[in-house]
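In the two assemblies presented below, subunit A is common to both, partnered first by subunit B and then by subunit C.
And then the complex of A and B:
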């Protein structure tokens, strides 16, 4: 997405994207007569017959398989209630934790206020189910959490993780990006600050072209 | 999402060495931007941005009967609202306790400093006086709404123009303004809020630092002539503030006032 040379059009809700009978409406668009109209604020993807919008603002929409960073909100007998910063609450059952946990002392593993890196394995009517049974998941210790807009996450990660690896390598930090817009940074104090600034810069300049060069310049310039 | 424990730990540990997450010193403000003339219908209006925190303040004037114990004095009201737009923690509806608290702290600072000359706001003793209504709306809450609101309120008061009062019909002609400013005295206040995190104090916290802190104290200072006067002090939060700390804060507030206020004063003078 980042390396594509063609400039993408920015549309606002209600704007007619294209007036063509051959085109079909895709994500976040509707068809009225001949016109395809935008439903969200975002960039248009009209490379195929189906026209869709990549939204650049709005709340987190959970999907199955997303890796998210959440904060433990409450503990009950069978697991943890976790806030993931969306319209729905999430639940992490004890059985989805890979380690043995004493049923009488669940708080020993994660107490209220702790943050976890978890994966969404199911979305039901009542809420979201999380799991820790995968590589790289678990409780996060040390470092700090920052928040960005969830729709800017693909930009922060970059194509096949190019952007995030660039930031990681030049600031010597560990970074985990949750699909819900929460980012965990751990490293030296200076590195953390630098990485945070770089991520904020990516978010601000998300729709401008030549983003990677700008970030490279930012990270190299102030080293 | 509420503040995670690791962020609290980080802020507390850094503050032990007098450092902060964004690289500021404990008593540094973020960039302050002041604008005026936001609303065409209000007598005076302002927008204040401290970092990402943003508030809009409007001053409206109306005719009112005076209170029976102050028959020759005008009145003042301060209203504050947190809109759901400013942070995910606020819901729509009538102002809740935190909004009322901000309004009262701002009100106290302005009222006790006697910056408005209420005697001059009297039209007819015992019957008609001007009522100054200050309305504060938070557009974005990234911490330190207290100082932004107080600064916005005082800016709006200073740029406000009196509306036209028709003596024949005894009504206000809204939408028409005279060239007279509001009757203000020299006691122009500036509020600063100190937040307590563990044993340390900071000024102008961002969202995370404000959530970490357990107590705060707002000090309103004015400097009419040479000496600075403390007009009002209000404490909030759950943990106590010790006497020694309070003495330190008062001394520190004088320094902060000298460092921040002269520039802001020039800016506000330029807006008139």
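And then the complex of A and C:
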């Protein structure tokens, strides 16, 4: 296996990535004659025959199966409207809630302003449907929410959760990361602050190598 | 006296020193600063996000909502804050100039908010604004076919000049002054915005288009370099 240490190229919309008949256009690229042209600002992945662009900025783009964190914005007869960032609002129907809820008082389970960890169950025209029917989903009590660029989420989590576990363990906090870039942190006031700073640092230095050491140093330094 | 010398001693086809930078507004999804000499514009992009009020939503496409705003301190005499007839019109044409290259169909029923603020004005503000907005859109990760670049071409007396300044706009001798802002796309070289203030012969207009294409190619280079992380400031030279 080849290690991917080579720096990826940054491209701008309209830029020709490569001029080769053998290559095929992938995500956010188009083919015009021989040229493969970028349609979005981001890094080029040209390791395979299909050339694609890895976005580095922009709002959350919802996909089915994403686990997201959101805040309850409104309650109606059939469920909760939840704000998850991105282009559309989301709705969590009462029927997608695994435990018994009194239909006459659904605010008992989750009120406006409460934080929910849910999964995207379906995307319809102009709306997203959420569900709580899966392991680890539900209401998040207390804590705080911070928002980061959703394209940096994989960095914050790290390989098999190494980065987030490091932050969790050394700040003694509970952290849940939503794929929409919303992160819920709960712990002591000190720990929450420290964890937030560490996450912000990860986001800022997402491209630099030796990131784990840097974070370790940051977390160990001011403890 | 024929018009032979420009007030700032530039060549007829020379652009003022450019300043370009992206990511200047942390809270926005994308942002940029663009300056032609002492005309400075910043732009911020928010979205795509849900559009309210609902009756403005388009069921098959997203929309661009572009606001152009000249800040009170941008000109010598304080500009009255708030939207004016002029700023509404410029916002509309700037939005249209940008919408031509943006893939709005990806998120129907949403809006992309583009806010252009003029910090300092010395003519060509809408061009600086569109350049900044195009960079901000790219920085915001919006899917777009290509970039757009804007530049103003003037006819002062009988000379075709690139990147008009305030003093030239008020030139009244000979044939007087004409100001033509162009917005041109980066690959297909299509014109997505064109206005004309003054009068010009058809034969001279062709010259103006050619001058605009030449100038836009130069400006595009700055936009791309800024997007790739460079902080360019040549306004002092």
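Following the convention adopted for this analysis, the second predicted complex is superposed on the first by the 218 of 223 C-alpha atoms of A that agree within 3 Å, B and C clash if a C-alpha of one lies under 4 Å from a C-alpha of the other, contacts with A are read in each partner's own complex, and residues count from 1 in each chain.
As a convention for this text, a contact is a pair of C-beta atoms (placed from the backbone, for glycine too) under 8 Å apart; a residue touches a chain by one contact, two chains touch by 3 or more.
Because the structure is predicted, anything quoted here is derived from the model rather than measured.
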Superposition on subunit A - do subunit B and subunit C clash or fit = clash
Using the superposition on chain A described above, determine whether A:147 touches subunit B (first), subunit C (second), both, or neither.
-> first
A:108 contacts which: subunit B (first), subunit C (second), both, neither?
-> neither
Classify the contacts of A:160 with the two partner chains as first (subunit B alone), second (subunit C alone), both, or neither.
-> neither
Which partner does A:125 contact after superposing on A: first (subunit B), second (subunit C), both, neither?
-> second
Using the touch definition from the top, say if A:56 reaches subunit B (first), subunit C (second), both or neither.
-> second
Taking the superposition as given, does A:41 touch the first partner, subunit B, the second, subunit C, both, or neither?
-> second
Examine A:213 and indicate which partner it touches, taking first as subunit B and second as subunit C; both and neither are also allowed.
-> neither
Between subunit B (first) and subunit C (second), which, if any, makes contact with A:22: first, second, both or neither?
-> neither
Subunit A residues within the subunit B interface of the complex | 70-71, 73, 83-85, 111, 113-115, 140-145, 147, 182, 189, 193
Provide the residue numbers of subunit A that touch subunit C in the complex, in ascending order.
-> 10, 12-15, 28, 30, 37, 39-42, 55-59, 86-89, 125-126, 151
In the complex of these two chains, what residues of subunit B are touching subunit A?
-> 1-8, 10, 14, 19, 21-23
Listed in rising order, the residues of subunit C that touch subunit A in the complex are 29-30, 47-50, 57, 59, 62, 101, 103, 107-110, 138-147, 185-187, 223-224, 227-229
